[in-house]
Each structure stands twice: as C-alpha cells, then as structure tokens.
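One chain, chain A, links the two complexes that follow: it is found with chain B in the first and with chain C in the second.
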Partner chain A sequence: MPKVAIVKRELSKTVATVAKVLVILLGLLIAIALTSIITGASMELAGITLLQGFLNLNVFVYISTLLPIAVGLSIAFSASAWNLGAEGQLVIGAVGATFIALYTPFGRQEVVAPLMALLFASFLGALWALPAALLKMARGINEALTTLLMNFIAYHMTNYLVKGPWRGRAVYGYPTTDMIPVQARIPTVPGYSFSWYVVVICVVIALLMQLFLYRTKVGIALRALGSSPRFVELAGISSKRLFLIAFLLSGALAGFAGGVKVLVYHGKLVEGPIVGSGYGFTAIMLSWLGGLNPLLLIPASYYTAALYILSFGLQIGSAAVGDALANAIVGSLLAFILLADFLTKYRLVIRWS
Partner chain B sequence: MAKLASYVLAIVLLIIGIVAGYYAGFYTAPQKVITTTIPVGAATVTMTTTVTATPQVPAYTVPEKIKAAWIYVGPVGDFGWSYMHDVGRRVVAELFKDWLETTYVENVRADQAPAVIDELVKKGYTVIFTTSFDFMDQTFDKAMQYPNILFFHCSGYKRWKNMGTYFADLYQIYYLNGLMAGALTKTGKLGYVAAHTIPEVVRHINAFAIGAKEVGAQLGKNITVYVIEIGEWYNPDKARAAAKTLVEQFNVDVLIFTEDSTAVVVFAQDLYKQGKEVYVFSHYSPMYEWGPDVVVSGQLVRWEVIYTDILAKVKAGIYRPDNLENIDYWYLLNTGAVDLGAHVYPNGSVMHINPKFIPKLKEAKVKDVLTGELVSVYDLVMRRYQQMKEAPLLQPLQGQALTHLLESLEKVETGAKYVPAAPIAPIFEPFTGPLKGYCLPERGYSRFCTGKPGYAEVNIPPGERLTHDDLWNMDFFVSWVAYQGKI
Partner chain C sequence: MLVEVLKIATDPLVVALVLWVLGNIVVERSGVINLALDGIITIGIAVAFVSTQYFGYFIGLLITIVTSLAFATMFMIFINIMHTYHVLTGLALNILFYGLSALIGLRLQKSPVLATLTLSPVLLALVSILAVLFTWFILYKTSIGIAIRACGFNPRASEHLGIKVWRTRFLASTIGYTLAGIGSYIYATVYRGGWVQYTGRGYGFLAITLAMASTWHPLLSYPISLVFGYLYTSIYALQLLHGIHPEIVNAIPYVASIAIVTIVYSTPLHKKLAAPRALGEVYFKEERAA
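Let's turn to the complex of A and B:
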C-alpha cells in the first residue's frame, strides 16, 4: 500500500510567486482550450474573449462591493473573530442608506446625501454585528453561528420593509421602495457602470486598514490575537476590546458596501436576498484568497471581479457558452488559484512500503 | 488612554477616507441634470436625473447587419419565462438570419444588468431587450447613457427616446381557463398559486375567477378562488408547498398558477397517480407532458410575435433611437402573442384543450351571457376564444402608449350608409360590469382604490368595460377571491 503524506515546504518568496503565477497561467490556458473545444471557436478567439474579461474596466463594479467587505473580514479573521455575517451587515447597511436617502431631509441635498447615507450604512452595519460580539464576550456563544443566523434575520427584515411600510408608491405592488432622490445617487462613469468615487474610497480604505493592521499598536495586537491571545493580554491590552473593534470594523465595512449597492447599483431598496446576492459570502472566500492582507486584497478582488465579468462575457458573441458552462470555467479558474496556493506551501509525499 | 486614542484614530481615518475619496471622485466627472416627466398610470411623476455629460454622438443610421441581444433574469432552462423569451429569440434569429445576429445572457441579477449592457454595447449590439421588470431602472439609466442604442424593456412602464416597452398579457386566457375550471370542479373551490400580487397577477387571478363563476354559478356551484402568494417568480419548492396547502387545507380540486416552473403540474400528476384527481392549467410554456392526466389546458406565450414586429421595424428604420418614447406593446389574444393551450405538436399546431377532458366539457351545458343560447362549455370556450381573437382594428392601437385608451371602445360610428359602425374591441371582454370586489391593502393606484383603505368595496356598474389603464393598475380582487396571504 502506498502511503500519502502532505508535508509543509519552505520556498523562497520569489520561487513561490513565480510558481503561483505559472499555475494560474496554466489554468487560464486550460480555460481557453475548454472554451474553444466546446464552442468550436478558434483558440485565438476564445483567448481574446477571456482576456476581455480581465481588461474590462467594469471589474470595478464588483471590486467596489467586494473589496471593502473583504478588508473588514480580514481584520476580523486576523483577530480570530469569525464574522460570517457580512451578508446580513451588508443588507442592513443598504437599509440604512435607503433610510437616509428616502426618509430624511438629507436625501435631497447633493453631496451630503450620499455621504450621510454611506456613513449611516456603515454605522448600521457595525450595529448589526454588535449583538454577536457581545454574546461572545459575555456568554462565550460561538460568533460564527450567531452571525450566520443574523444574515437571515437581516434578509427577512428587509423583505418586510419592502413588502410593507417602505413599499414604493410608483412600483405597482412590486416589493421595492421608490427610487431614491437623484441627489443621493452616486453617478457612474460614462460607458461603464461603476463610480470612481466609490473605487477611490475602497482603495483608500484598503490602504488605511493596511496601515492600521501593520503600523499601529492596536493593529499589531489585533493580528497577534489570532495566534497568541495570552501574549496580547500580557502586553496589557484587553483582548475583549480588540475582539470588539475587529468585529465592529468588519460590520461597518460590510454596511458600507451595502450602502454602495443602493446608491450606485440599485437606486432603491429591493428584497434582502437580491441586495445581498451572496457578496457577503464571496467576500469570505476572497479575504482568504488575499491572505487576510488588505493590500493583497486589491489584486485578489480584481481577479474575483474579473471572473464575474468573465462569466457574462463568455455568454456573448461568437465564442458564446451558456451560463452553466461559463460558471464551470470560472470555477475552475478559481480552483487553480487554490491549487497554486496549496502547491507552494505543501508537497505530496508518496511512499511505497 | 493610548489604546483608546488608537481606536478613535482608526475610526477617524475611516471617515476621512470616505469623505476624501468622495470629494476626489466628485470633482473628476462633469455632470448635467436632466428633468423628465413620465406618465405612471394616471398620475405623472417628474424625475430629475443627473447624468455624466456625454460627448456628441454621431447620427443614427440603420446598420447593414443588426445585432440584437437579450438579457434574461433566469436560466433559459427554467421552462417558463426566460425559456419562452428565448424561443422568441430563436424564431427571429432564424427568420431574419440574412441581416440579424442575436445573442443572450442568462441568469443576470438586477445589479449586474448595467455591466452586462456595457459589455453588449462594446461588442456592437445595437438592439437590447431586457426581459424582467427588475431591470427597469437599470435599463432606463443605460438608455440615457447610450443615446444611439435601442432598448426594449419587457413589462415595465418607464420609456425614453430610445427605450420602448412591451408586454404580452394572458388575462383573456386565464378567463378561458376559468370557464373550464368552473365546469370541472366538484367542490367549487379553486386554488391559485401566485408569484407576487402585482397588478399583472391580480388581473390574472380575477380573470380566472370571473370565468369560473360564469360557468360554475350556472351549474349550481358556489365558486371560491383561494390564493396563496409565494413572493418569488421562480421557486418550485414553494410553489409545490402552496399547491399542497391548497389541496389539503382548502379542499380545492383545480390548481392554476403564476410561477415559472412545472412544479404545480408535477404535483397534480403525482396526486393523480395516488388516486386523487386535481385538475391543473399549465402556465407560460407547454407543460402538458409533465401532467398528461391532469393538465386541462393552459396559457401559452409567443414572444416572437412581438420580437418579429420590433426587429422588422428596426431594420426598416421605423424604430430609431429618437422615437421610442411612446412604443408600448400591450398584445392580447387577438395578436397571437398569447394563446390558449398546454401543448405544441411537432408540426407547430397547438392543443388548446387536452382531448381527455373534451367530453366532460361538452356534457356541461350553460347559457351564453351575450346571446342567451344554451351551449356546451366546450363550445362556449371556443366561441369566446374566437370572439377575443377577432378584432381587426385592435392591433394597430396596441403598439403605442398613446392609443391604449381607445382599445376598450366597442365601435366607431362612421356615418357611412353601408358601414354604419366599425368594431374595435372584441365583442366580449371578461372585465365588464357588474363586478363587485374589494381593494387590496397597502396599494391604491387604480381609480377604484386610490386613497381608500384596504378591503374597501369596489363596484363596477353593469355594462362598464375596464380600460387598458384599469387593467394595468388593477389593485382589487373580485369578491369571490379569498386571499390567504404569503408563504
């Protein structure tokens, strides 16, 4: 019987990076080959279709939602705060942004409206994360479970709002609110569907959080909390407070993303699962893809966003494949990244005994 | 204190980041404000829209080869809404293959639609069909951004210079199905699984109830239509659960639904195998094969009727990106965009009624309310079908928002000696008074229920025909519809 073991390996940073890039390129080549075999289109055409997904500026549509959530989650996960409720915090953030835009006098003031809406969205996002953090701190209740369940409460609360008191007057009984005033909407770039303002904010947030995590005392203590909580306590910093700040930050950033979704993409509040549409869960995967490092999350979110664009781009034109196949190709590209990550950290040892 | 300072610093930095980022972006894009006035039902809504200034666009010319794209909200394999749109796309793709190139993108969520539209425009598609109400606002935004692209949005009410709307409505078919249901039911209790109680579905529920009562009351049955709302367009599990509740708790023996899957049909067929007969009407696509023993008839849609008309006119240069503001298709049975039936034979002909149920429908005799004759229910269904199909002057009025209100005119007096009057609307209209009903709570957009509380009484006087706007804004149930709420 052969014995298989997984053994950790130490590779120099350069070698590891080169190896990763090579595996990812190999994945792309396989995807191109697959597309061309299935559609009968030439390899060249399939390649161009794939490349267009990566060069499309609309990747920012997805980056501006995924990046802030993933940055927040990286902070939380670094501190071993297992916040799986980004989806719900995002949805509640969207509710907050809609509230400011539709039901307060701020809603009709240019510049003020989107700013207030985004800040309030972040605030509500943090607030939605609070109960789980408090339960953990006071009673030791597993925060992964509570945050996960809070997602569904957020969905249903939003559904209640859009089907009940907040249902729009000009929507013919459809479960949405009315459109938010135009002053509250964040304009998009002509020819594209994202907003530079939001992209700039997201990158600034990622940079600031990088500084916070690696250059401030609290940030360094936060990261240490994951590996050695006792050490942090000995250094005289309350681990509970660190836990709380990590939790609230991740909630606030998810709430911010929810605000972005309303102000840029929907222009109104829609049903919970449609606002969230799984971004809160995708961001969990993304934050690990970026190694919980806010700076690395920028390329990681770019890659994930490009895959989203790709799954639609693949459906259009002469190298067109169906939605299911497009998703299969996109999924295999993602699998190759994980494979690359695995191969650079571990190796398989097979012994014949 | 140092710790606290750090927390505060982190939060302050976050806020500064948001503010700074916002201003940085704000001063990098020029904008202008556009005010538009859109008629929404009876009222008028004025909207102000800020759009980033676009450079001068070259004049529109009809392209040699037209590239048209469809955006679907669900998978083509749903065998309902998106599937039938795609059948329509395939028909025009084949019919106009000399000058038309088509593509589609499926499973698109509302917030993803704008980026998909960008992609389609970049790849040279100049005619874009967005086939879900969910896409309305996104399509509208993009129509303003791309003044040279022709947009057609299905089922909405927002239009623009380069954005038209279209819809094929099934209420007449639901009425015909109602006639059959009224004849077949033994308990008098009918079950309706509704996706959402928006005007479209409310109209369909009422039309079905009106048909069922017309026949059922004459056969001595006390007709009640029980409605359960599932809150989603596509959810086979919920649809099945609702159907089960209707059968087990409300003792219904006829099921009809507005949901995009075959779940309810399959459920009824399963019951049949267990020895319980519950009749069912298929929805949207031909679902006969999923329930050959229980499907009586159903509603069919043929989007190709509308797509052919639109694309032929785009090719001829009639529809241009500066004149779509009033293009609003409201196609009924007379146009062929919808049909009665549950099955399409390989040769393309439609099975209107499952042969298994024809003898039963021929046995039941009722009075035709228009003529007073005693006829079988089968003959009544066919008679009404013909009456609603024959309306030669109607179709030209059904393509524009401006002429919708004329559709309910019964005739135009000509004063000529040999042709004293020209008929417009079909001889028969299901929504003709006397009708009694009640307003749905939290709505109020029709002339019957605006400003009234929920459950306020609605009375439509004898002989009054509801108009296009009444149908489009319908927010009341007829009195024998029992709404059971949402699951």
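Let's turn to the complex of A and C:
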C-alpha cells in the first residue's frame, strides 16, 4: 500500500506567480473550449468573442465596481478578517448614495452631490460591516457567518425601500426609486455606462492601498496579523484595533462601489439583488486571484471583467445557457486557482512500503 | 394552534428545509464552514428534476443522493486534502455548481414540469422527525458523533486522541449530504414539481442561517425550522392581517439568527450549547515525509 503524505513547501515568489499566470491562461483555454462544446460554435468564434471582451471598453463598467471592493477585501483578508459581506455593504452603499441624491438638499448641487453621495455611501458601507466586527471582537462570533447573513438583511431592506417608502412616483409601479437628479450623476463616457473619473479614482485607491499595506507601519502590522497575531501583540500594536481597521476599510470601499453603481450605472435605486448582482462575491475571489496585492488587482480585475463580457457575448444565442456557461467557466477557473495555490504551497510525497 | 403546527410540519417545503438544516449541522459540527451547500442543493434539485423524468421516482432519489455526495466529496477534497480556505472554496465551487445545475437542467430536461409525487402528510412529517432524531443520536450518542464534534471543536487535540480528522470530516459530509440530497429531492419532486434556472438558489444559505440560529443542535433546529417555515408559508397572510411587509418577514431569519447567537454567546448558555469553535479553521497536520 503506498502511503501518501502532504508536506508544506516554500516556493520562490516568481515560481508561484508563474504558476498563477499559467492557471489564468489555462482558464482562457477552458473558457474557449467549454463555450464551443456547449453552444456548438466553432473554437475560433469563441476565441474571437473572448478577444473582443478584452478590447471592449465596457470592461471599465465592471472594473469600477469590482476593483474598489476587491482592494478593500484584500486588506481585510490580509488581516485574516473574513469579510464575506461585501455584497451587502455594496447594496447599503447604494442606498446611502440614493438617500443623499434624492432626499437631501445636497442632491441638486453640482460636484457637491456626487462627492457627498460617495462619502455617505462609504460611511454606510463601513457601518454595515461594524456589527460583525464588534461581535467578533467582543464575543468571538465567527465573522464569516455574520457578514454572510448581513448580505441578505441588506437585500431585503433595499427591496423593502424600493417596494415601500422609496418607490418612485414616475416609475409605473416598478420596484425602483425615481431617477436621481442630473446634478448628482457622474458624467459618463458617451455611449457607455462608465465614467473616466471613477476609473481614475479606483486606480488611485488601489495605488494608495498598495502604499498603505506595504509602506506604512499599520499596513505592515495588518499583513502580519494574518500570519502571526501573537507577534503583532508583542510589537505593542493592538490586534483588535487592526482587525477593526481592516474590517471598516473593506466595508467603506464596498460601500463606495455601491455608490458608484447608483451614480454612474443605474441612476436610481433598484432591488437589492440587482444592485449587488453578485459583485460582492465575485470580488472575494478576485482579491484571491490578485494574491491580495492591490497593485496586481488592477490586471486581475481587467481579466475578470473581460470574462464577464464574454458571458454577455455568449448570451446572444440563448441568455439562459450563456449565463449558466459563464458561471461554469468562472467557477472552474476559481477552483483551478485554489488548486494552483495548493500545488505551490504543498507537495505530495508518495512512499511505497 | 395544533392544526397550524401540523400543517407546517407536513409542508414539503418545511420538510426539505429541515433536512438541509440537519445536513448542514452535521457538516459544520465537524469544523467545516459549509458554504458549498447552496450550490450542491441547486445541483441536487436540478438532478432530481431531470433524473426523475428519465428513470422514475425511486431511481431519481438514488441519483440525487449520489450526485450530492459526489460534489460534496469534491468540496471535502479541496478542504481536507488541499487545505484551501473553507470560505473561498465554498464560494468558488458555488459559482461552478450554479452553472452546472443550469446546464444540466436546461440541456437534459424533457419538459419544464414534472408530475408531483404525492406523499401522505404523515409520511413527510415522519421523515423529518426521524431525520432529527437520527442526527441527534448520531451526533450525541455514538462515538462517530463524538469524533465529529471533537473535530469541530479542536481538530489538533482530536488528532492527538487518535481521531483521523480528514476521515471524520469525510464521514460527516457523507451523512450530512445524504440528508441534504433527500431534502433536495423532496423539494424538486414533492414540493415544486417544476424547474426554472437556478431553482433553489439561496435555500442553502437559509439552511446555514437556521443551523446557526439553532446553535448547531439538531433537536433545537426542528422547532426553529418550523417557526421560520411558518413565517415563510404565511408571508402574505401576515401582510394582510397585520400589515407586515413581506420583505421584512424575509429578513427575520437572518436578524434572528445573529441575535440568537449573540445572546447565547453572551450568557452562560454557551456552555450548554457549545458551538463548533474551530469552524472554518484550516487544519494542517504536519506529516513526516519519506
């Protein structure tokens, strides 16, 4: 009987990175192959659709939502704060932005309106993350589960708002609010639903967070918290405070993304699952794809966005099959990333005895 | 009152929910955060729907259970052999499973409806009560159950006591996902009798929530599932009679679950209702290589 043992190993950073890049390229091949098998289109057609995804300007629609969330989450995950509530924080951020734009006097002032809305969205996002963080710190309750549940509370709260008190007067009974005032909207690129301002802000956020995580004392302590909490305590830094900072930052950035979604993309508040549309969950995996490194998240989010576009390209034939296929492709790609993580961190030893 | 309770206890949706919650309790008691449950339920429902159309009700049940177990094993291989983070694995596999379930359902179905299987209400209630008692017995009265709970509480210490953690977790997932597979089957054939894309998505997370609300205790999970089953089945009656908005009723399980866990953790109750403390911990046992 052969004995199989799993042993840890240390690979150099370059080898690990090369492995990840290989997985990503493999993912593209899987995407093309699966597409042509399921839809019956030729390999070339699938490949061209994918290539168009990379060249399509619409990638920025996805990048401007996914990148800030993923940057925030990579901070949280570096500190071992398992915030699975980005989806809910995003939705609540959207609620906050809508509130400022529709129900406060700021809503009709140029420049002030979007800025206030985004700030308030970030604030609410952080606030939505707070209970889970406090429960973890005070009572040791598993933060992954509480944040997960907070997502659903956010969904239903938003649904309640758009079906109840906030339902618009000019929407013919659809569950949405009225359109937010033009002054509060961020100007988009003609013909597309994204804004260069927001894209630039997102990239700047990623750069700033990179500096924060790798160049400041707090950031370095945050990253150490993930691997050795005791060491951080010995260095005289409160691990609880670090945990809270990581959690609130990730909540705030998810809330910011929610604000962006309302001010740029929807232009009004819609039902919770439509505002969120799974971005909060995708961003969790995206932050892993980028190796929890804000700088690497920029190409990683570009790649993920292109896959999203591919999924819409596929929907031309049949929307249902296209969506299912996109899920299958993204899911198997993510599973492969986990597999690559395993192969770079561990090795299998087989002993014949 | 009694009539109401009986009506809820024999509702096929509630019975399916009880089975999913129990399945989740067994798996999470062994220390694995079971987020893949949602995807596996979605696949289970699609498979139950399609396989019943081809092979009839009984074979359909078997196929559903086997498929659920196969995907659960995949999840467990990731967690116990590849030592990946539980949460990430669950979420990644969920996306894959949603996609697969839709492909199975869309490509293989014969028609979009299925003649529902009529089971007597007594039988349905009996299935759920027996499942509760079975889970409780396994978890609290057998050595397997003690091993499972030990792995959820402190895998390292249990390894020192001679429990093979990965083997115990595979066993727990086999028990748990057999129950969950039966639940998916009941949902598809007895309750729903039809399938559209992503039918059942979200019930896994609800089951995880209810398991947490019952502090992962099978006996407590039954009344709690009945209460929330009542809320769900009478969602529109509540609106008409008391003016409670359906969306607020929908949010209650999640709020209540967080509240209950907070209360239990803040009072001496947590000694009695110990939660699996090592839930979500990646357990790696250093092994001597050749």
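Points worth noting:
Convention: the second predicted complex is superposed on the first by the 264 of 353 C-alpha atoms of A that agree within 3 Å, B and C clash if a C-alpha of one lies under 4 Å from a C-alpha of the other, contacts with A are read in each partner's own complex, and residues count from 1 in each chain.
Everything below uses one rule, namely that contacts are C-beta pairs under 8 Å (C-beta built on N, C-alpha and C of every residue); 3 or more make two chains touch, one makes a residue touch a chain.
This structure is a prediction, so every number in the text was calculated from the model and none was measured.
More residues of chain A are in touch with B than with the other of chain B and chain C. Once the two complexes are laid over each other on the shared chain, residue contacts for A:Val204 go to chain B alone; chain C is not touched. In the superposition on chain A, contact of A:Leu297 is made with neither chain B nor chain C. Of the two partner chains placed by superposition, chain B and chain C are both touched by A:Asp323. Once the two complexes are overlaid on the shared chain, A:Gly164 sits against chain B and chain C alike. Residue contacts after overlaying the shared chain place A:Trp82 against chain C, while chain B stays out of touching range. Looking at the shared chain after the overlay, A:Lys268 reaches chain B, while chain C stays out of its contact range. Looking at the shared chain after the overlay, A:Ile245 reaches chain B, while chain C stays out of its contact range. When the two complexes are laid over each other on chain A, chain A has residues 159, 163-164, 320, 323-324 in contact with both chain B and chain C. Those residues of chain B lying in contact with chain A across their complex are 2-3, 6-7, 9-10, 13-15, 17-22, 24-26, 28-29, 31, 33, 40-41, 45, 47-54, 69, 75-76, 103-112, 114-121, 123, 125, 133-134, 137-138, 141, 145, 157, 196-199, 202, 231, 440, 442-443, 445, 473, 475, 486.
Residue ranges of chain A in contact with chain B, taken from their complex: 56, 58, 61, 111, 114-115, 118-119, 122, 159, 163-164, 167, 169-170, 172-175, 179, 182-183, 185, 187-205, 208, 211-212, 216-219, 237-238, 241, 245, 249, 252, 256, 261, 265-268, 270, 274, 277, 308-309, 312-313, 315-317, 320, 322-324. The part of chain A that touches chain C in the complex is made up of residues 3, 5-8, 38, 82, 84, 131, 135, 139-142, 144-146, 148-150, 152-153, 156-157, 159-160, 163-164, 281, 284-285, 288, 320-321, 323-332, 334-335, 337-339, 341-342, 345-346, 349, 351. Across the complex, chain A is touched by residues 33, 35, 78, 81-84, 87-89, 91-103, 106-107, 197, 205, 208-209, 212, 245, 247-248, 250-251, 254-255, 257-258, 261-262, 265-266, 279-280, 284, 286-290 of chain C.
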